[in-house]
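In what follows, a structure is listed as structure tokens, so that the remarks can point back to it.
Chain naming follows the written order as A, B, C and D, and within any one chain the residues start at number 1.
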């Protein structure tokens, strides 16, 4: 079953590679996305047994990330049908192929319990994303790709050496050398703190770079800004969560090694730094895609803070994985529509989007409200959980900085988004053939509905899933 | 019962007399014989007999002005005690009603003035509005002081209880208060030095300019209402300044009438002795009055 | 035989300094190639002979010693850029920094507990020092090529540490190494070529159109 | 209806259902092709719901009971309770009444036929706003409270920006949105701290917390900021004037008449939690309240924009209410029940009154804007002749908002005065009495403001061609206004009933007031007030009859207004709005800052040009916006961190690694 989850997308990519017609590929893409989604649901309902050797094991944490990834991918795939119809001018072969490769690697990350294998999968996603960012084939996109590639590779390389340290720690501790999560947790007590600390630092920086924690986030605005909307959605809603899952795995080991306090503090600090960075760069932002990138920086910061706070905040963090991922999907897809329709992503040119694209504009508005943590949308639930747990734990300073950053971010975002949506379309703005169609509006709309539903009602199974997940990250006091 | 009837009778009959006395005093100071004491009555009656002219721009608001002005003054007259005799209507907090009744009258007089669309009357109502709202606090400080001294929350309670004994104990406070209230009395009734009811230099006037377009019965009502207002506020002031009472009901009525006349004379003296203030100075004087009253309040409640 | 490993590691460190110090692009590429070859040989030094090992060695040497340098050199030629390294930071300062970092890495490594059989080797300090050198080049050199070189040196550093784990978890190490090679060679090579086509230059200080004004 | 309710339904359930119906009333309209029918359905639904909801809440109010419902929800924030106690029931009244009246008014004021683009959204969000406010009053779970609160705030935003093609509407919207969101952030803190205090997200019961507990002060502060920002207490009022001015009038009516009260409700509710509030809290509230009252009305006097004036006077009224609350709180902390009773009674009754006369005025302003096509009072005049009914109703509203007898505004202020005076005999808190003259000054200024408004809009002669030919408002617009006017008169005529209305709410939140027989005592005084009202009326009637009689004797002629000898009087030499208030503004200069816009005169013979006084938003324009732009500049300087140069980015990573290493070891 695990194999199926990984192989299926690969087959799909092979098929899309072979298909010669551009019109067919997105449909096939969505077909495989559906299949993958179905498989995911199946695996969520009946948890497959742990694979022999324990390399593959789908636990609650993995399930959450897998679910969010699969849903988001499905939406993007369906969206791509409508979207790529407007991008007929260039071949979409590479896009579809690499999307599916990425999906396969992503699924691998979620289901494996072997840190080494997880690392390999993560690196694969990094590489697979490069051609997607380069989809537009111009100077800016190549620059973005280059930065993304180099920075992320360095980051992942650092993560690798972090893993080496961890492994060597096991060797030094004379326990059975292994990078299996379960073994590590079992033997964690015996590991020498020096190696463990070094390992954690390198892993934090490495995965942090992939996740986009400030000040390691520098590739994000460029990549998000230049990539097509749906790729941006996958980057912000999918890859981020994978990197977060990697961090969570490290966190699990940390809990076992009793070195958790340092790691938690580091997470809180980096998270807050990310939020402050986001707040600073949101201000007077004239490029709405870059703005979304900084919003993504903010939200990984929120997740990091939540993870660092522990306690009930963990629940918030895990729920935020879903909430943030899906909301980012709404934002990026609708912003992609707006971008295409105005042929510009500069807010000086984009005005009155609500008039030109009522649906996409409305979706963008709703997404903006949701992502800034306003009820009745899912991100509110997670963010409020985190904030309240900060205050209930008596971490007043953390809570205060958190909220101040949120306020500034809201102001910055509002001052960018509202002028863009409100008012009349300026006559001098470029007119394109791109308008709202069912294909380009339906998927984000569906996502928005999910985000809204999760904001008012968490289904029982999901609830248990989240509870199990946070139970795994319980820190013994 | 008897007192009530006398009260109402005085309230209806006496007000124009004050105007007459003031006029006579001023005439005396000017070395003239002056109009007879009852001249104001003649004026009002004559006006009542005249026909009236209404401006084409006016609406029913214009006609409501005099009516409300008179009605409010009348009700206020029922709330204020005359001399040692408590007023017909009296309850805790009636002083606030008393203060706000004048506001109601003002609102409609100003509205009526604005209704004519004349620049002068607009000017007049603007001034009226500003100055009266500056006079408001003084009145309240006075009410506070009095109710503190008398330990009562109703006009009758607080005013009737002011006696020489109170004066002996709180002379300073009451003196300040008398000063402040006298200024307010003059300002509220548009007497010199704030306003000159006799000139017709519109640019310098407040109240008179508001009633330029009232004619015949309307003007009569207005003038009577003004007189009544002077009478009512005067009664308040007299309690403050000349609080003598004998205990004999009839004598007290006499004393009240006399003291009212004294007040009229004093006003007449002031009007002949002083010149009209420049408009810019008016707010300052009113604020000064408020400060005096505030001090007196501080003195009694500290 | 094993004793030789340390000498080779010293050589690696020296090459770090060379790549920091040289002003010629081609030369630094060559230096990295040599470093790759040495690192390719190293496993053979410390592990008993197996065919598997031979395979690894061959792959490493060919890729790191020949394929990558060839691609890079071709990129340099095709983009006919100046052969200078054009650092932000002068050569002497970088060398000094390199020395400092090397010292630091030795002291750092000293604090960490080791196995007896690794006790008297300098794998850890060498790897960390190489890592640092890679970073130094990544931060101080201007050209895209130099950055690839920096990345490769960084990878070499990691590879050196990997040698310590080679027998404990071979698959892990090789997977890591190969994946890095994949990135290093193909993807970066491709991107480099794209860049040289787009910009007709590999000067990354030209690649700064994406930023916050 | 009453007995029927008692028999058949649980009133709490009725109220809840009514709220939901109002919320859904706007939905059908979204699906109709033909415009208009949706609007009518919405109005009908809202009115019917209100007709069910008002008796229900009245019954809840008088039955002194608290009914609780438990909503099954899956969110991890504890049980979600719906509770309607007398306080909530009391606040429910204006919600139902005003929203119903507004929805009826909308049919004539915002006809779907003319506003196809905006009407659907307007109707929908209007319903959402109304019902969210109703549900807010029932919510007892903190998180659910925030959710409903934010729905309310956001739907209000979408209502404000209905005409978002206008620049200043957008600006007003952004200011409002930022202000309200900042308030919501404060509420996050508030509920988190409450949870930290009580261990659950359920709102604590009345008098269950001690103000000495560690977080109490922080909780109170957060509540003051969060709720005060919504209520528009100075200095948190910055969003209020422009938002109210730029929203459609019936929306302004609901926002000013009801939404502000939700902020006040929050403060009321919060204060009931504590059984021993320190004197400081009461003092702070009182001072803030009286300051908002004075400054608010001072700003109102200076305005030239009809609706801005009304908005500023909302600040004033909120200030008066807050003062009453502060007085009550002082009473609580010094155990003087008469203060508690009078303060609360004054505050609550003024809430009710303000939610009657302010909507009346805002709806009237809507009718005026319809007729004159502008909000600028200096361009109006003489509208009273074209629209006499509106003029009459508006007059009622103006008189009652000035707090003048015999209308309702006076009653609540009267109670407050009694409260101020009540401590004169008793030694402690005697200085409260100094509030009386200030409140009197406020009243005086209110008279200035509203004579200015009424005079320059309805009286005199038109000052511009737009205002020359006004048309009377339609029946759907007049009916709601007439209804409100009736309520104002009613409360003014029989204040005893009004007192009866507020007493249960006071009792439920401050049981200590039950000991004394206040309602009876002050009910008697109220009786005297209505007696005075009757006297006033009869006196007026007598005078009128007299005058009629005289007029009958001597016929009346009509002539143009006397120009004092000046023959060429034009309508522009009338006293306009600005000139009317100029004197007052000059007296209160420094509080009301005016910017004089005068064109630059050049050349020997400059061409004809005019200069005008423009009132400014002191706090917003002079302090807050400059601060914002400074922060913005600082941030955009910091943007250079994202320099675009790869090597620098690498350096960041390196530095992060290095620092963490140092920290770890």
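Things worth noting here:
The rule is simple: a residue touches a chain if its C-beta (ideal position, glycine included) is under 8 Å from a C-beta of that chain, and two chains touch if they have at least 3 such contacts.
Remember, predicted model here, so these are calculated numbers, not experimental data.
For subunit A, the chain with the farthest CA centroid is B. Comparing each chain's Cα centroid with the centroid of every protein Cα atom identifies chain D as the most central.
If you tally contacting C-beta pairs for each pair of chains, B-D comes out on top. Subunit A and subunit B have centres, each the mean of its CA atoms, that are 78 Å apart. Chain geometry summary: the mean Cα position of subunit C and that of subunit D are 70 Å apart. Separating the centre of subunit B from that of subunit C, both taken as means of CA atoms, is a distance of 101 Å. Work out the mean CA point of subunit A and of subunit C, and you get 31 Å between them.
The residues of subunit A that reach two or more other chains are 146-147, 150, 154, 194, 198, 221, 281, listed in rising order.
Counting partners per residue, subunit C has 111, 138, 147, 204, 207, 209-210, 212 as the residues that reach two or more other chains. Residues of subunit D in contact with two or more other chains: 639, 641-642, 646, 648, 650, 661, 665. Every pair of chains meeting the touch criterion is listed here: A-C, A-D, B-D, C-D. Per the touch definition, subunit B reaches subunit D in the complex via residues 48-59, 61, 63, 66-68, 70-72, 74-75, 78-79, 89, 91-94, 96-97, 99-101, 103-104, 106-107, 110-111, 114-120, 122-123, 125-127, 129-130, 132-134, 136-141, 143-144, 147-148, 151, 153, 202, 212-213, 216-218, 221, 283, 290, 294, 297, 301. By the touch criterion stated above, subunit C contacts subunit A in their complex at residues 111-115, 127, 131, 138, 144, 147, 151, 154-155, 157-158, 161-162, 164-165, 168-169, 171-172, 175-176, 179-180, 182-183, 187-188, 191, 194-195, 198-199, 204, 207, 209-210, 212. Residues of subunit A touching subunit C in their complex: 116, 119-120, 123-124, 127, 130, 134, 138-140, 142-147, 149-150, 153-154, 157, 160-161, 163-165, 167-168, 170-172, 177-179, 192, 194-195, 198, 221-222, 225-226, 281, 290. If you check the complex, the residues on subunit A that touch subunit D are 146-147, 150-151, 154-155, 158, 194, 197-198, 200-202, 204-205, 208-209, 215-216, 218-219, 221, 262, 266, 270, 277, 280-281, 283-284, 315, 352, 354, 369, 372, 374-376, 380-381, 384-385, 387-388, 390-392, 394, 399, 403, 406-407, 410-411, 414-415, 418-419, 422-424, 456-460, 463.
Subunit C makes touch with subunit D in their complex at residues 88, 108, 111, 135, 138-142, 147, 204-205, 207-213.
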